[in-house]
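Have a look at this one before I ask anything.
Chains here go by letter, A, B, C, D and E, matching the order in which they are written, and residues are numbered from 1 within each.
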């Protein structure tokens, strides 16, 4: 019973975080902020939801698979965000705060 | 007849036609292949929808389940997916070579170059 | 082993291709590919003989009975097509080495042969299978390898031709897939015999109608029937010579086989409400194809391209035979299927020999070549005469049967049109003769031999001569194609009897 | 709930397809294609087609966008504004085809009906008897690898053909199978990505093996395993460059493996021929029919896996070699 | 609650799709596709519990793998292109 409510709570929290992440993803002004919004909330939200599912399951094999997904996402999510930010930087995209002239970069790689 | 039960199919047909349109209306060789991809994937969706049985389970035999979806379309579409990616790969290889030979992948410019000589 | 004969014509090239890929030396790969093709040919002949004696042979792959497993069902028609395809493949491989070696860079040769064997396996698989979906799979094997083969042509336009072929071919294959999906959803089976038993109850079904239309349109794309022929001239013109010989002699023939199989065996056209409109469509498109193809062929500056358009026209004749919708009509279509493979085989083979010496197939480079390569040009001439339908050649036989079939339906206008079409053929063949024999050789660079051009290399020449003589032989001894075709046509119709 | 997910996925599919028509620029199109692949795979999940979803995820969202991207890296990402394209003819063609398709659906059995003809004739045998005849729970694998094993042989041959075709088309002059030299430029290294990927790659390969040998019980099988395995290798190649991955797995070896996979499959079938049974009849492999089926299926699935992995790696090599050539 | 989660995930996927369409540069699109991918993993995992068929989890694993590989792949390839373009310019 406790497990059930715990898992429900995780789901709720995870869903809420997902929504905030999406909001940031849609509304934030430049790519780095958006990566931040997605990357950070996403890792936590994903973990929460997967943990919730983990609590729901009884058999061993699904649990192992969920654990595998969880670990994988915890590794790959931040790495992907990092790689993306770095690639964007190398591609010549600059944060908005440092330049007033919008987010269109001068580099040809911008689009 | 029951319109609602066919609605699913019609959406898929719309998808197919969108893909088909990209294939025949676009002049960029890569985009044509993308359209072909969409077209084929939509055909797969049609097949798979037709194999679905309401309240059926995935066709993996389990104790206590008696209604399964039709496995045969799944088998056929597995093969068709493989055929699709094979075609895409060969098409892309051709596009890469065409770009080397003509310097462009736009149909109209290739035609121009061919007519010029 | 005899009971496994139905699978052998497909299995041999299918096994041969990966083994050939392991052979690195082009010569070894070529010897191996020749062996495989000849064995396949032998198996196909044995199979044809067996079907002749025993009638339909059924072979359950994997040991699973028909509607659950995949079945090979070989009747005379399958046997004829299998023999034709493997025979042409052997001819091309045996005779074409010089040409392949000339037109393909060293490192590509063995892979070229692998792709060739794969194409053979695909075509044989289409011609042998009794399962609608299996047909689609093998269709894709043959198509993919054909795209690669066409792309190996020397000109960069070969790449574009291969790409266009790929797009149109894939649309065609997807249409076939949609059609098979519709009829599967209606009947629950993919086996052709099983479909044939279940479809007559569904003639009123709009789904069956749509399924049939999609299959037919898809096959016609592969067949290059007139408005859907756009890929063919480019692919034939820019592919390397041996690929053109093989494609012209087999690929469209196999597509025609599929058309006949679906229209008569699976859908049993004569019982469905579709029969009438479809006959009209086939007859109209056939006639338009004959005239459009021939007229365009007359004005081509390049012989290879001209012959490619002539193929469009000849496909028109075959489709007319199908559209007549009687046993004799179907027989005429099948006879022409066989004979046309011989004519185009001979013509393109001789042309390949000329291209080997001259460098290209433009009329301007062919002037006066008849004096330098008399034997090759004689072969070309024989092939051309057969294409026109001069008495004493194989082409005459197929035209004769076609005219008889159409006359039998008392469609005299059509008879007149077919004969007029032959006249057009005569025009572009005459242009060939005029250039080759009467033209004055212009100043041109000789690619290889400084002492003027001699005959083609022995392999190419021998195969050209054999194919050209086959055109004459089958013009007199018509038993093989005519009896096989009539047997096949009758069994196609007999199978339709309720 | 099922309906809601259905509708949501379908409408997103339509939205993606429409965006694909509107959007110009190839990278954007590829991203949308990848999303389309993911969506359709999710849709397959809701339609109970687990194996298909598995494959579509690996192919539609993985391999095919990757190949598209590599091509775009070669040919440039600009899609030109058409100068004067006649839209009328394509529209007409599409409309006619669409109408024909809709006519075709009119007499189709309604969506989800359990008494559709397709479920009455051939399929019931698979569902009811494959448990005893083949002895494995995944019916899709049973049909794929035993009842219709010949189709699957054709499928492997298609993949093999694609490999041959791509090498034939993309082969750089005079360089069949040679390992590209190290002269390529030093790529900017990304330490974090490299380290994390290095940790993850072994798990990917392990998971590929799990999928390969678990295909009889759950979703998966040779094809999916091959794709995942190849993806692991491709990831390595992307991170450490073509020369280093070619040192680990030389191109000639991969090409030979592709052929050997096909041969493994076909020769499993030929074994039956030698014993006088029909091609691909597994019953010669063991006295007990169920064991024989199990052996046969394992063998051919292995053949499929080897061929698929090798061909995809080969195709990757071919494209990557062109890319490094183009950058030189 | 699981239902709610599925709805939220679908909504977020929609947002990702919109972003992928309206994005101004490549990286935004990659980000959107990445977001979409991870959400699909979650969706499949959630659906597998909602529909009660744990076999679906295998697919979620594959999605996770493939998603990571595609992001790295896209970035690598765009990087190559960037290098090439910079060289063209000078």
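Keep this in mind: contacts are C-beta pairs under 8 Å (C-beta built on N, C-alpha and C of every residue); 3 or more make two chains touch, one makes a residue touch a chain.
Keep in mind that this is a model prediction, so the values were computed, not measured.
Of all chains in the assembly, those touching chain C and also chain E are B, D. Farthest from chain C in terms of Cα centroid separation is A.
The busiest chain interface, judged by C-beta pairs in contact, is B-D. Separating the centre of chain A from that of chain C, both taken as means of CA atoms, is a distance of 57 Å.
Centroid to centroid, with C-alpha atoms defining each point, chain B and chain D lie 13 Å apart. Between chain C and chain D the centroid-to-centroid distance comes to 31 Å (mean Cα coordinates, whole Å).
The multi-chain contact residues of chain C, meaning those touching 2 or more other chains, are 133, 137, 140, 144, 147-148, 151, 159, 162, 178, 184-185, 190. The set of chain D residues that touch two or more partner chains comprises 50, 70, 72, 101, 105-106, 108-109, 116, 118-119, 122-123, 126, 148, 151, 154-155, 158, 161-162, 165, 169, 188, 193, 197, 200, 207, 218-219. Within chain E, contacts with two or more other chains are made by residues 16, 26, 30, 32, 53, 55-56, 58, 61, 65, 67-68, 72, 78-79, 81.
Interface note: chains touch in the pairs A-D, A-E, B-C, B-D, B-E, C-D, D-E.
Of all residues in chain A, those touching chain D in their complex are 68, 72, 75-76, 79, 82-83, 86, 90, 111. If you check the complex, the residues on chain D that touch chain B are 6, 10-11, 13-14, 17-18, 20-21, 26, 29-30, 33, 36-37, 40, 43-44, 47-52, 55-56, 59-60, 63-64, 67-68, 70-72, 74-76, 79-80, 82-83, 85, 87, 90-91, 93-95, 97-98, 101-102, 105-106, 108-114, 116, 118-119, 122-123, 126-127, 130-131, 137-140, 143-144, 148, 151-152, 154-155, 158-159, 161-162, 165-166, 169-170, 217-219, 223, 308, 315, 318-319, 322. Residues 3-4, 7, 11, 14-15, 17-19, 21-22, 59-64, 67-70, 105-108, 111-112, 114-115, 118, 121-122, 125, 131, 133-134, 137-138, 140-141, 144-145, 147-148, 151-152, 159, 162, 178, 182, 184-190, 198, 205-211, 213-214 of chain C are the ones that touch chain D when the two sit in their complex. Against chain A, the residues of chain D that register as touching in their complex are 25, 188, 190, 192-193, 196-197, 199-200, 203, 207.
Chain E makes touch with chain D in their complex at residues 3, 6-7, 10, 13-14, 16-17, 20-21, 23, 26, 29-30, 32-33, 36-37, 40, 43-44, 47-48, 50-51, 53, 55-56, 58-59, 61-63, 65-70, 72-74, 76-81, 83-84, 87.
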